[in-house]
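Listed after this line are the structures, all set down as structure tokens.
Both complexes shown next keep chain A, but they swap its partner, so chain B is in the first and chain C is in the second.
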Partner chain A sequence: MNRMRASKDMWLWISGAALVIGLALATAGNRFAAFIIGIVFLNVLWTAGMNLLYGYTGLVSMMTAGVAGIGAYGTVKLFLDYGWSFWFAVPVSAVGAAAVGVILGLPALRLRGFYFVLSSLVIQVALTLVFIYFPQFTNGDTGITQIPRPGLWLPGFGAVDLTGPGFEIILGLLALAGVAVVYMIIRSRMGAFIIAIREDDLLAEELGIDVTRYKVMVFFISSLLMAVGGAFYAVYTGFISPRSFDVLMSMNIWLMVAFGGRGTIAGPIIGSAILVPIPFLLQELYQIKDIFYGSLIILVTVAMPAGVYGTILKWWRVRRQKQNTAVAPVAIKRMPAE
Partner chain B sequence: MNEILLDARQVEKQFGGIRALASVDVQQAVGETLGMIGPNGSGKTTFVNVVSGHLSIDAGSISFAGAPISGRRPHAITRAGLTRTYQAVRVFSKLTVADNLRTTALAAGREEGVKDSHVRELIHWLELDRRLDAIAGMLTLFEQRRLELAMRLALRPKLVMLDEPVGGLSAVEITHMMKLLGELKTRYSLFVIEHTMRVIRELADRVVVLVSGQKIADGRPEEILRDERVVRNYLGSQGA
Partner chain C sequence: MVDPNLLIGLSMLTTGLVLGAIFALTAAGVTIVYGCIWLPNAASGQFFLLAPLVAWSLSTAMGWSPILAVAAVLIAGLPFAYLLERLLIRRFYDVPDRNIAYFVVTLGITQILSGVFSITWGQWSDQYNIPPLAEGVVFIGPFPLPANRLIALVGALALLGALFVGLRYHRFGRALRAVFQNREAAALRGVDVQRIYLGAFLLGTSVIFAGGLLYAMAYSFDLSVAWSMGITAFAIMIVGGPGSVLGALVVGMLFGFVQAAVSVFASPTAATLSYLLAMLVILLLRPSGLFAR
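Presenting the complex of A and B:
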């Protein structure tokens, strides 16, 4: 059974990889479409991190953009000012950003519900202010422009050009890796524990689950995905500023997860794929762009509170449930030996 | 008396101006079923909450299986072998019965989840076999009580603290639950809070009575249910 699932999973990831490579190559001739695809991939990575935090653990964090910002600024600083290789700067910055995120978020992790949201919002605002008021590191409000794309040398391929679809392919594979990380966590023992924490953290603790430890672990992994996304965003767009990583970005990532279906693997991918292109595609209709975007979100959240994919999944589960509702007879049997 | 399992000494707990527990001493031996009775607001659930680590104590000490547990977090106390149920049944109501049990089994270090032999036996004993795919919140109260019990027993505890285990059940269901608890008593040390005197009479080896946070009596059920102070403060005509 496990081998069957592993084989099914392997084919799923191979198909996913083929899809992202296909999408990147199919849009290669149209840089506008390719750029939208690239941004969708980045958002899939970010929403994977948010989904782990919000969808599976029940923590609505509003400081995710700030953590992505630390990853972005850290990488750019090491890459441009210190001459590090981009590919080495990314993991170092991402681990640093995740560690900073955990340290800043640690007091908030002891809080629940609304109070956690509020604390993370305050941290996000503070991080944005740091990005603005420490220009020696961030170039302040002006931001950092003309960030070059990194070079890549692959054995057997030599130097790979990352100015064309090559970079979109990397972003796509990165997004797929992020989703795979969340998928593997959810299928593991840790996944069962964080879902238990989302459902009832007091009961989870009562069953012997170290709730604080698992919250910190989830926060770290989620921050890592955010920070890696931030670093790649910087070199992909070539420009970062405090506005790139403000509270609106945190809210947008949260919205995509809620819109697509929190606590599902496919939901955030669907949310990103639908919501990210809208502002780009409606650029010429700027008068109604935001109205359309807002109306769509309201419509989906009212008609489908579990999100697009979440609602489909719920409908399917209820249908299966109805076929299995026979009430078991109550007859006392012998108690099992301990 | 057998080896002491739970040893609470001079336990104090105050909520603002209200003294919920006033210098309460409770000892329970291994294999013993201890009942705790008292009027609403007498501190029974507060006692369970301080023992299980959900509330801190203001003074006194609590030891379990020979080791101090006051100040330890609930998950650590559970891992030490002490588990509890709640007045209002507590299961993961949006998850299926199977997922509730799988999570508990994993928390207890049983990687096979619901396929673990002990968990399967519990499922069978508590008649949950045909409800594994049901959402826990959709079960009847009695089924939820059985699921709650299965989850706690899957942890292989040394002591099970039951807070009103027959609360809200019908007369027929109470009879069934009594049979289950009767079997449970032969294998586990139980601590039972109940208002239904029939449960205490039939189940408890010893009874502690709390009134306004103070222990006013401690003894065998037949003695306690005749004790004049207990009758006056709590039982009224019920104990007769």
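Presenting the complex of A and C:
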């Protein structure tokens, strides 16, 4: 990575942070809008994890919601029942959830294509049943209500109450950090390896890439992002139930990545920003949410496999190529004269 | 008078028989489509529920006789499946990893249909049953069996038998099995693969509809049947071996008896959970299933 790109990246992240804080402050007066923004930020974090898994490594995992659920239930258990600090409970339960995810997913990761998808779906359904039938940890179908928001102690500010836009800012910065993690992985050697695995895992194996090892690493990192998102979801909405982390959520996260544009950094962000607010804005028609998302899944798969951002990128590349070819003859003519 | 424990045992056996035949039939429908087109139909449970829901509406709200309603649904299922194939399924026939694409698309269909069910039939009732075709209890030797369930059992077994014979001896069945085994070779031998795909999808979907209708004739049902049946059919297909009708028959019967036995001692959810685990174990240890072709 050269220095110019590094400084360009830096400005990108700084403006991203400014945008996030600006959005959170702009909606501070309107709790409804602020809540939508907060949920969008959470989904940006989740889709970043899904994008690493599906967009860059080519693994369609349907158990992402389950991992987020383990992170959420683990954090809430430590935070409420054992009296841990929330900020300490999150990393512990996130690592725990990611470890559980890898242990559950490890045998499945050896399977290829459809069999991996199916195994992950089976694990997801089993996790949902576990959430329902072990009420001593999860309070069963009723769910856990009135989860309090944690406070935060900042140097220079003292104890900060996170009821206002503060929490949205934290969620936004968290989402940005998740996207940055994915971005840095993609720019690294590992990024090249996992993209090679996505394109042709047999060839990647032949080239000496330890396919299973990289799949496990990717799975662990994306599970971490999922679980952190789940933990923050729990304290942000104040309510979790097995329904919050069921297979529909896994599918919706997949949809946001596919709809926005898999395998691009901006795509999943665009996907979340477009798709998350829709059910909130359709309040009267909330019941058709499933029908709407389901139709969109089919539409994206059939008509727009590259997603919104991918389609724009393609269009833009074609346009630029046309311009270049239009300019080329002039350049060639000029050459002998020089 | 008969010993009550014996009676429970016998009714468990007959329940297992009826459930097993219906499971086997439905899973056969799913496995034919997967084996031939490579289409893992995640919406099979929703299809399984859709048919009896429509028949329920026809027979209760419109006052049709149950036989007429069932026949009408089976006939109406054909254009439904044809349209689906025409508009959606056909687009992926030449995609290399099409089973993943199909799985995602049918998950989308699942989401749509369950949304539709909850805003329509879910609002109208929470328990549905199709009026019985026949009253009374029939004793087959010592086995007590309500006449209605006997009809469902005979229907399911007859359809399964027809499926077996048809796939083995009929021209279409033989062409279908040829495409199962090797699409390119079948095409070279003059089999119209596109037409076989269409036929397999129509056949498989109709069989799933028939399974749902037979289930509804034997038992009353609610909307949760879709999820549990979808999981069960998939588990049977994976454990039995994708594409193996024999596997669907054997494992389907087995699961039927498991369900009947577990339902006596524990909740049906425990049975569903055990299918999930069986499927996972087979996926991890022997993805080609027990009765791999």
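Note that the second predicted complex is superposed on the first by the 296 of 338 C-alpha atoms of A that agree within 3 Å, B and C clash if a C-alpha of one lies under 4 Å from a C-alpha of the other, contacts with A are read in each partner's own complex, and residues count from 1 in each chain.
One rule holds in what follows: a residue touches a chain if its C-beta (ideal position, glycine included) is under 8 Å from a C-beta of that chain, and two chains touch if they have at least 3 such contacts.
A quick note: this is a predicted structure, and the numbers were derived from the prediction, not measured.
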item	value
First, second, both or neither for A:200, with chain B first and chain C second	first
Which superposed partner A:60 touches (first chain B, second chain C, both, neither)	second
Chain B versus chain C as contact partner of A:290, first or second or both or neither	second
Touching partner for A:7 - first (chain B), second (chain C), both, neither	neither
Partner chain(s) touched by A:108 [first = chain B, second = chain C, both, neither]	second
First (chain B), second (chain C), both or neither touched by A:210	first
First, second, both or neither for A:189, with chain B first and chain C second	first
Partner chain(s) touched by A:119 [first = chain B, second = chain C, both, neither]	second
Touching partner for A:302 - first (chain B), second (chain C), both, neither	second
Footprint of chain B on chain A - complex, ascending	189, 192-193, 195-196, 199-200, 202-211, 320-321, 324-338
In the complex, chain B residues that touch chain A	52, 54, 73-75, 78-79, 83-84, 90-95, 99, 102-104, 106-108, 111, 118, 121-122, 124-125, 127-131, 133-135, 138, 140, 142-143, 151, 155-156, 173, 176, 179-180, 183-184, 186-188
Complex contacts: residues of chain C adjacent to chain A	40, 42, 88, 91, 97, 99-101, 103-105, 107-116, 118-119, 231, 234, 238, 269, 272-273, 276-277, 279-280, 283-284, 287
Complex contacts: residues of chain A adjacent to chain C	60, 107-108, 111, 113-115, 117-119, 121-123, 125-126, 129, 133, 248, 251, 254, 287-291, 293-298, 301-302
